[in-house]
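Can you read through this structure? Questions will come right after.
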Amino acid sequence: MDLLQLKKEVFRANLKLVDLGLVTLTWGNVSAIDRTEGLIAIKPSGIDYDVMAVEDIVVVDLDGKVVEGKYRPSSDTPSHIELYKAFTEIGGISHTHSKYATMFAQAHMEIPCFGTTHADYFYGTIPLARTLTEEEVNEGYEKYAGRAIIEKFKSIDPITMPGVLLSSHAPFTWGKDAMESVKHSFILERIAEMSLGTLQLNQDCNSVEQYILDKHYKRKHGPNAYYGQK
Amino acid sequence: MDLLQLKKEVFRANLKLVDLGLVTLTWGNVSAIDRTEGLIAIKPSGIDYDVMAVEDIVVVDLDGKVVEGKYRPSSDTPSHIELYKAFTEIGGISHTHSKYATMFAQAHMEIPCFGTTHADYFYGTIPLARTLTEEEVNEGYEKYAGRAIIEKFKSIDPITMPGVLLSSHAPFTWGKDAMESVKHSFILERIAEMSLGTLQLNQDCNSVEQYILDKHYKRKHGPNAYYGQK
Amino acid sequence: MDLLQLKKEVFRANLKLVDLGLVTLTWGNVSAIDRTEGLIAIKPSGIDYDVMAVEDIVVVDLDGKVVEGKYRPSSDTPSHIELYKAFTEIGGISHTHSKYATMFAQAHMEIPCFGTTHADYFYGTIPLARTLTEEEVNEGYEKYAGRAIIEKFKSIDPITMPGVLLSSHAPFTWGKDAMESVKHSFILERIAEMSLGTLQLNQDCNSVEQYILDKHYKRKHGPNAYYGQK
Amino acid sequence: MDLLQLKKEVFRANLKLVDLGLVTLTWGNVSAIDRTEGLIAIKPSGIDYDVMAVEDIVVVDLDGKVVEGKYRPSSDTPSHIELYKAFTEIGGISHTHSKYATMFAQAHMEIPCFGTTHADYFYGTIPLARTLTEEEVNEGYEKYAGRAIIEKFKSIDPITMPGVLLSSHAPFTWGKDAMESVKHSFILERIAEMSLGTLQLNQDCNSVEQYILDKHYKRKHGPNAYYGQK
């Protein structure tokens, strides 16, 4: 994939976050990776969406060195890099402070799978990564944020669970490319909103049965999927 | 009724769900039946609303066999078929994952009739169909979802109660045609939203008195209705 | 005032309720009275806002007899008539099923004055009219709904308290003319929404001090008002 | 700065409050100060945003005397004046009755720092100014409202904490100019909304660790900031 194409995809995906109401002000960023070249295209830091152009998208390598672009990359770039290194099958990452997912992150709560909307896209409880220590925050806040996610995913498959909440912070989601990571942000936000309401109605609500989770997730994903067109 | 007309109605009703904010992504479907021919027009599975055209609407018979259309029908088609077979007076069915109705479904809660907005359209508590067993899920998930609804309606009249919640899933509504089923989806969603707020204010809130339910429902429906124009 | 002018005002006020998001479907109605002639202009029953025209507005006298218009008047007309007879200083009435005010009505709760937004327009607790008896419902539902409001206002001044909640139903508001009654519906809805949140944060929250209620209400109303322009 | 320029900024900032959904009806006002001249430009009292023009903006001195403009200034002008006198580094002030911040003010609750969205802009708990006494309300309500804020800020830096809640009332925010005060109103509202949800999920939720608060605030502010472009 050529770099300009990657930058265009990242540009469009960043604007899509705004269109979907998931980002206000500059509270979000999307990146995508070219696995062949080991290069990441990402939103510049603190630039308004209203004035951002394709050429403002910054390209960095996997050491965080800027290889193209006149701006500093998103301050969250080290988190993205850690995730790309550890989750080798993903192609795009989104970070937002979307309202409902952030409420769960701030409340230090994972999101149990309360229904089939959730089961269709996230295979089980949406995990919460731990609070960073003072040493981690001071030594490399954004890098260690990425590592806390990876630590949490030791026994979770990032392909079947394409998102996470950071304690006291907000969500990250990912996917096969930039736009799919945005789609997962959107779905996570809707799931979080419906889970809040579910808990307000029934604070002892249980997760769905394992066989329903399996059925719904596998109806849409994997070799026996039958949702959608062939 | 000719088939093209039925497909047009189903097409418009599906788009109406999106306009009303009841469906995002591909999370919903509407169908309608031609009772003379025993044919059902329904949304194709997983097709984006943005690109869907009238000719993409799929026509199936009551055995689920596609008789017209190049796409697979909605994966929920077996649920629709079961309902058309059992509820012989209905002409259209809508399924959505609308936010507030889904919260009640996920919380495994029926919606009591807390007020006259509800009583005007749904004659009593909006029922909740039971969770399917593992055998049912594996043998024919969508078919048994329809049957669980029918089981619940053994002693409920689907004409005076044009909707239901599926446990851990979301609502189905129906009506005399496709567009009326959409209208009932819209009203159910509003009722669910107001019922959540009602319970937040007063968790021990009782249903309305039977004579108020009777008055309101019959003000709009049946031989002595006097709401609206003659 | 000539009748056409009154009908135009009622027409515009009804559409304003829709614009403000206070009414969906046909769940609302506004009326206004010509006190000299004793004639009331009101929305026709069950007519869609999209197709309603000025000439569709119905004119009735204080006995409920239609004196102009080809449609039946709103089924809530008898409630409006009772209010106009009892509250001789008001000129317009609005009825909606707006979401948050209806939540309080369904929860059988009055709305305490929790802050200055409320105190600026409603002088104290927004009252709740009692549930009607079975006899009242059967004998003249809408007439007795109006009378239950009047009963509640025995010791409340309808000028300083321009609205009420009907138990298990929804709000009525009024004002010097049709448009002011709509404005009061809008403010009541906002107050109800903020009161729900206030109670979620602090379920034992007290009303504002009497001297703050006095200060705010009188800053905007009466001989010593100093808010706005002279 | 010339006065016309100041009035234009105040005009635009007032309209921005409406665009952002923070103000409805006339429930809000923005001012800005020219520190050299000691003159404040502020919204006229009770004028609709739809018809307000740049020349309607009122200019007052620090004694509250109108020096330019044909209208009365906002009834909240004495509050603004007190704040400009005490907080000598600020250049603009916004007052709204935005929904979620007002819920906290009405519930008499400060807003703890539950996450990094908050920590990025407000350095710690958003304070609540006390209820005024009856004497204060009668003697000079709006002036004493300003003084109650200043009293609360005895040991709080208004530069790192650019906003406050008034008990039973609503928020004030400020910044280096009119538009920054509007931005802080917007962020405060979002923080309040997410804090309400956080508390609904976890009513015993703690504030973020001090080192996370420090890290986030200082990432965006002060000599070692590294967020955004140089």
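Order of writing sets the chain letters: A, B, C and D. Residues in each chain are counted from 1.
Throughout what follows, contacts are C-beta pairs under 8 Å (C-beta built on N, C-alpha and C of every residue); 3 or more make two chains touch, one makes a residue touch a chain.
Since we're looking at a predicted model, the values are computed, not measured.
Although subunit A and subunit D carry the same sequence, what matters here is overlap: shared residue numbers make up under half of all numbers found at their interface. Relative to subunit C, the most remote chain by averaged C-alpha coordinates is A.
If you average the CA atoms of subunit B and of subunit D, the two centres end up 47 Å from each other. Centre to centre, using the average C-alpha position, subunit B and subunit C are separated by 33 Å.
Contact of a single residue of subunit B with at least two other chains is seen at positions 200. The residues of subunit B lying in touch with subunit C in their complex are 114-117, 183, 186-187, 190, 193-195, 197-198, 200-202, 205, 208-209, 211-212, 215, 219, 226-230.
The touching residues of subunit D, counted against subunit C in their complex, run 24-27, 44-47, 71-72, 75, 97, 99-100, 102-109, 131-132, 134, 137-138, 141, 168-170, 196, 199-200.
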